[in-house]
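Labels run A, B, C and D following the written order; every chain starts at residue 1.
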Amino acid sequence: MHGIAVLGAGRIGRIHAANAMAHPLISLKYVVDPIDAAANELATTTGATVATLDQVFGDPTIGGVVVASSTDTHLEFSMRAVDAGKAVFCEKPLDLDLATARSAASSLGSGNARFFLGFNRRFDSNFRGLHQQIHSGEMGALETLHIVSHDPAPPPIDYVKVSGGMFKDMTIHDFDMARWLLGEDPVEVYSAATSVVDPAIGEAGDVDTAKIILRTGRGRICVISNSRRSGYGYDQRIEAFCSKGLLRAGNVLSSTVEAWGESGSSSGPLQNFFLDRYAGAYRAEMDHFAEVLGGISQPKIGYGDGIAALAIAEAAMESHRSSAVVEIRY
Amino acid sequence: MHGIAVLGAGRIGRIHAANAMAHPLISLKYVVDPIDAAANELATTTGATVATLDQVFGDPTIGGVVVASSTDTHLEFSMRAVDAGKAVFCEKPLDLDLATARSAASSLGSGNARFFLGFNRRFDSNFRGLHQQIHSGEMGALETLHIVSHDPAPPPIDYVKVSGGMFKDMTIHDFDMARWLLGEDPVEVYSAATSVVDPAIGEAGDVDTAKIILRTGRGRICVISNSRRSGYGYDQRIEAFCSKGLLRAGNVLSSTVEAWGESGSSSGPLQNFFLDRYAGAYRAEMDHFAEVLGGISQPKIGYGDGIAALAIAEAAMESHRSSAVVEIRY
Amino acid sequence: MHGIAVLGAGRIGRIHAANAMAHPLISLKYVVDPIDAAANELATTTGATVATLDQVFGDPTIGGVVVASSTDTHLEFSMRAVDAGKAVFCEKPLDLDLATARSAASSLGSGNARFFLGFNRRFDSNFRGLHQQIHSGEMGALETLHIVSHDPAPPPIDYVKVSGGMFKDMTIHDFDMARWLLGEDPVEVYSAATSVVDPAIGEAGDVDTAKIILRTGRGRICVISNSRRSGYGYDQRIEAFCSKGLLRAGNVLSSTVEAWGESGSSSGPLQNFFLDRYAGAYRAEMDHFAEVLGGISQPKIGYGDGIAALAIAEAAMESHRSSAVVEIRY
Amino acid sequence: MHGIAVLGAGRIGRIHAANAMAHPLISLKYVVDPIDAAANELATTTGATVATLDQVFGDPTIGGVVVASSTDTHLEFSMRAVDAGKAVFCEKPLDLDLATARSAASSLGSGNARFFLGFNRRFDSNFRGLHQQIHSGEMGALETLHIVSHDPAPPPIDYVKVSGGMFKDMTIHDFDMARWLLGEDPVEVYSAATSVVDPAIGEAGDVDTAKIILRTGRGRICVISNSRRSGYGYDQRIEAFCSKGLLRAGNVLSSTVEAWGESGSSSGPLQNFFLDRYAGAYRAEMDHFAEVLGGISQPKIGYGDGIAALAIAEAAMESHRSSAVVEIRY
């Protein structure tokens, strides 16, 4: 059993804590959160103990930490954990600022660091199946990629204001998926973005709707469609156009029930949001962290992936501002 | 060009006349109908001439006739046509009475007669594809069969009263499909039937809803579901359960448009009824009749098929009346 | 927290034990199994203690038991638990013999017994949605019902021999679904059954393929299709034909990935079997048992439901043997 | 009956001739083609007469002409027909050169000209349904649009060389669809295009794969995906993202048959190409031309639509060449 601590008792911290508790090889020992009530509540439901960071990093029975605290603490907590010899499972993003994130290279990017960055979609069984079928070559070479990633409804404007902007907060997942599925880095980006969902988002200097084109060094093209509000649930689809045909991963419905009447058929909604759609992906992330803790696997997603996704996000933002194609600098 | 006449200027006669007119190898010369107005109208729109039966049968340039007149004339007109050396494309059913239909055996069932009975569903491209895949053996041996055949809405009660009853009027198509797909004759039948759609149908001594089980000599089982009223259009589906898996042919939608909103998705209705769903099948029937006229093919469906379907229908009715399993006598 | 014991450490006992362990209101205290190794293993992975029946029934901190032991012990263990004042969550079937099962009426069927019989399909979210939509009346009155229930592959012949026969072992679920969705009891049954999957099943006196027609007192009709081997995974579908249209619950796919190539599209398989397809249903059963333990709800499925399903199964067997329609005696 | 002539006896001319022949209000009188054999063959199968242009334009019984001749004759023949007082149904594109096409403004763009430009997709029943649902407002305001338009396989390189390039030959349909569905003109375009399907296409200076982003004056965004080769048939889909949800029109399958086996399900291919997919659209175009001939309707698509689509195509080409966003000049 690998002893771990969860840093951060918010929504995503509670998910990881529950998965850790249910994992046969992981023992959740500590919960850390600056808000006592939150820490206490999570500790109670999981049987863990509330602790300080010093206690966590100083306890030799702790093999790793899950960094699910606020974004501005991701780098600091991760570096302290690496210094203490702990494996790290860090929520995305690394940081909202690319330059700041780059400054952690000698620590988190070193060959010795066991630093796993949680881009959860890579662990979704549908997207894993898609990745596998693309790379099996059964459909020939991947030529172009379409990623649709629309949230059901926009977050509160207070969240938007501290989110780093849609490209870093939301599209960053799609940039990572593009890199993972294409198997190479995009070299340039063009973003056509706007704010139509909520005027307050535009007033805050952010966008809520975007169509983005990425080109790779080998000339392959990826289109990403983003919206903060779909109106019909959580739309998460990918189409991979290959030289011999099409591979695609679709949405997951909340029910198989159909009603057929005079005016046609109707079906229930899509799964509403990421906690449902990616519940299995979060469990699979914890499985992978157990492998990292056990020395069975290197982290499948690391510091370099976090930097790359941030670099694309900054270039996408620059493209939006300049209405021009922008070269991506990694 | 094969000169033909269409006997009967009603709904189905007009379909066949239009298909004949559009066929590159067929020339529609005559239209015959006891109602002058109907005959004249069809003749005008098709460029054909109104004629009498004697004129049709006596004209040596006429190679064949389409018998689309009222059911009680099917046998008589077909036999006269065969006597006159014409090929016949006769609408189903042969007759509403099995004994009467049997009496035509020496004429319509003779080896010389070119008598094509129009069970249109065998010419539907989806069901032809299903038939071909079943018989290709790719899924192993066919074991059981489910046929769903529900009309959108019941016919007028006046039609019901002269229809011969649901089994002979509607299920007869499904009995033919069962024989065709199974490749052998059912030997016994059990019908659970009722009247729930319209009390007038029950009062007229007929049923409007039935679930029927057929068993073949080799022990294979077929379920037929019938309803005079689906409420959601023309439901025409078949599932063939084979030793290695399932083959199925589904419904045809009237549109591919989907709407996704807060409460889920909705799509447009099924094609509403047989004139839409089987438009291609009627054209394919005319293609086949051209082959028969040209001596390229023997009729793919003949007198014996009509007798067999009627025999099953009578047994199904007897089963319904007796609430017992009934042996089918061909 | 409600303390419970799981009786039986086999496949289904382990499912219930894991769900009990993860349930926030239930504490799994004891595991009982005549095979020590099995009991020990399950106790270890769940943190429970191995115990005897006497310990379980004599411990006042135990509020209920899950009876997941061999079928021939279901009645005895359930009655002992009821006598000891425990709530019971009993796996189906009550017993393989209807007369024996009836003999427990005064105990398990009494108004005081908290006896929950685990027909898991009633707790599947898709079938629950179907049930709700049927009973909402949005589609008018339910008229006929089609239940398809095909297993992926037959069980070992040794299991078949002690299973009580397909009707009691497998179709019993469908009989329960029919009663639940129809909201009334069938009064007669006709079964057309055969053995085509495995000759050994026929030699053992059992069938592996059946089409069954049930009729209710109000004249409604239900068709059940059963096979011990589909060849394409676990086929679990229901169609409810109503006066205004069709409601249906379909299969659950294991993946949303599709491949489109020259010859068309292909998708991955259905979920393979009940442990996957009904994983959520088993969790929902445990939720319900927690409600029963807490006195919040009466058991939604009880002794009478078990008797009814067995009575239909015996009548279906008699119909198969006699090739006749059989009246069901409850 | 409206007497018409078809100019051009190639593939698309034969389609229009057959639809004219079958139309109840249109009489196909003349066929014109510089290749005598082609003209004679089409005249024979349709019952029309081979004629010269002078005969067609000088015959007062001719109400209109279908211009289905080679692209470089579209403007000249159309202008001559308008001068002769005939209605014109002209195949797209107007011309391969925008400046040349603009030079016909005083003739084809005048208020008196009855000039119908055949952008066939506007007449596809699925896309018409989509258009209607978008404009009904049921889904709120249209915000962004995705058009996928992939051909099954590339044309011969000799065709590519004279086609005017993919943007004018193929994407021009999508530009027209974008304008029609958005209800306003795009003001800028960015094209990311490449040649991966066939090196010969790249060597000829053309592209075979493109992702294009259009922005309208009101800030709405449209993505177009093009490929000269899908590998899986004719992929023609549109998704309209609206403020309350998604409307989409999907592909049409060639068959409803599905096969379910051990490894999952497979279905038949998409309709292979435009002659199948848009057969109904071509018939609907002829219906509309009959309305124009009868003075019942103004042409729904006119000269201005042809100029606009060409203007977007030229801007898209310029964007591809410059790798920059390009303003569209109408």
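Going forward, a contact is a pair of C-beta atoms (placed from the backbone, for glycine too) under 8 Å apart; a residue touches a chain by one contact, two chains touch by 3 or more.
This one's a predicted model, so the numbers in the text were calculated from it and none came from an experiment.
J.: Any chains in contact with both subunit B and subunit C?
T.: Under the touch definition, subunit B and subunit C have A, D as mutual neighbours.
J.: Find the chain most remote from subunit A, comparing centres computed as mean CA coordinates.
T.: Farthest by centroid: B.
J.: For the interfaces B-D and C-D, which has the higher count of C-beta pairs in contact?
T.: Ranking B-D and C-D by C-beta contacts puts B-D first.
J.: If more than half of the interface residue numbers appear on both sides, call it same; otherwise different. Which is it for subunit A and subunit D?
T.: Same: when the shared numbers are divided by all numbers used, the fraction is over half.
J.: Quick one: subunit C and subunit D, Cα centre-to-centre, how many Å?
T.: 58
J.: List the centre-to-centre spacing of subunit A and subunit D in whole Å, with centres computed as mean CA coordinates.
T.: 42
J.: Averaging only over C-alpha atoms, locate the centres of subunit B and subunit D and give their separation in whole Å.
T.: 39
J.: Where in subunit C do residues touch two or more of the other chains?
T.: In subunit C, 139, 231-232, 244-246, 260-262, 268 touch at least two other chains.
J.: What residues of subunit D sit close enough to touch subunit C in their complex?
T.: Spelled out, the residues of subunit D in touch with subunit C are 231-233, 260-270.
J.: If we count contacts the way the header does, which residues on subunit D are in touch with subunit B in the complex?
T.: Spelled out, the residues of subunit D in touch with subunit B are 22, 24, 45, 125-126, 129-130, 133, 138-139, 244-252, 255-262, 268.
J.: Give every residue of subunit D touching subunit A within the complex, in rising order.
T.: Those residues of subunit D that touch subunit A are 139-140, 143-144, 146, 148, 150, 190, 192, 194, 196, 209, 211, 213, 215, 219-221, 223, 225, 227, 230-232, 235, 241-246, 323-325.
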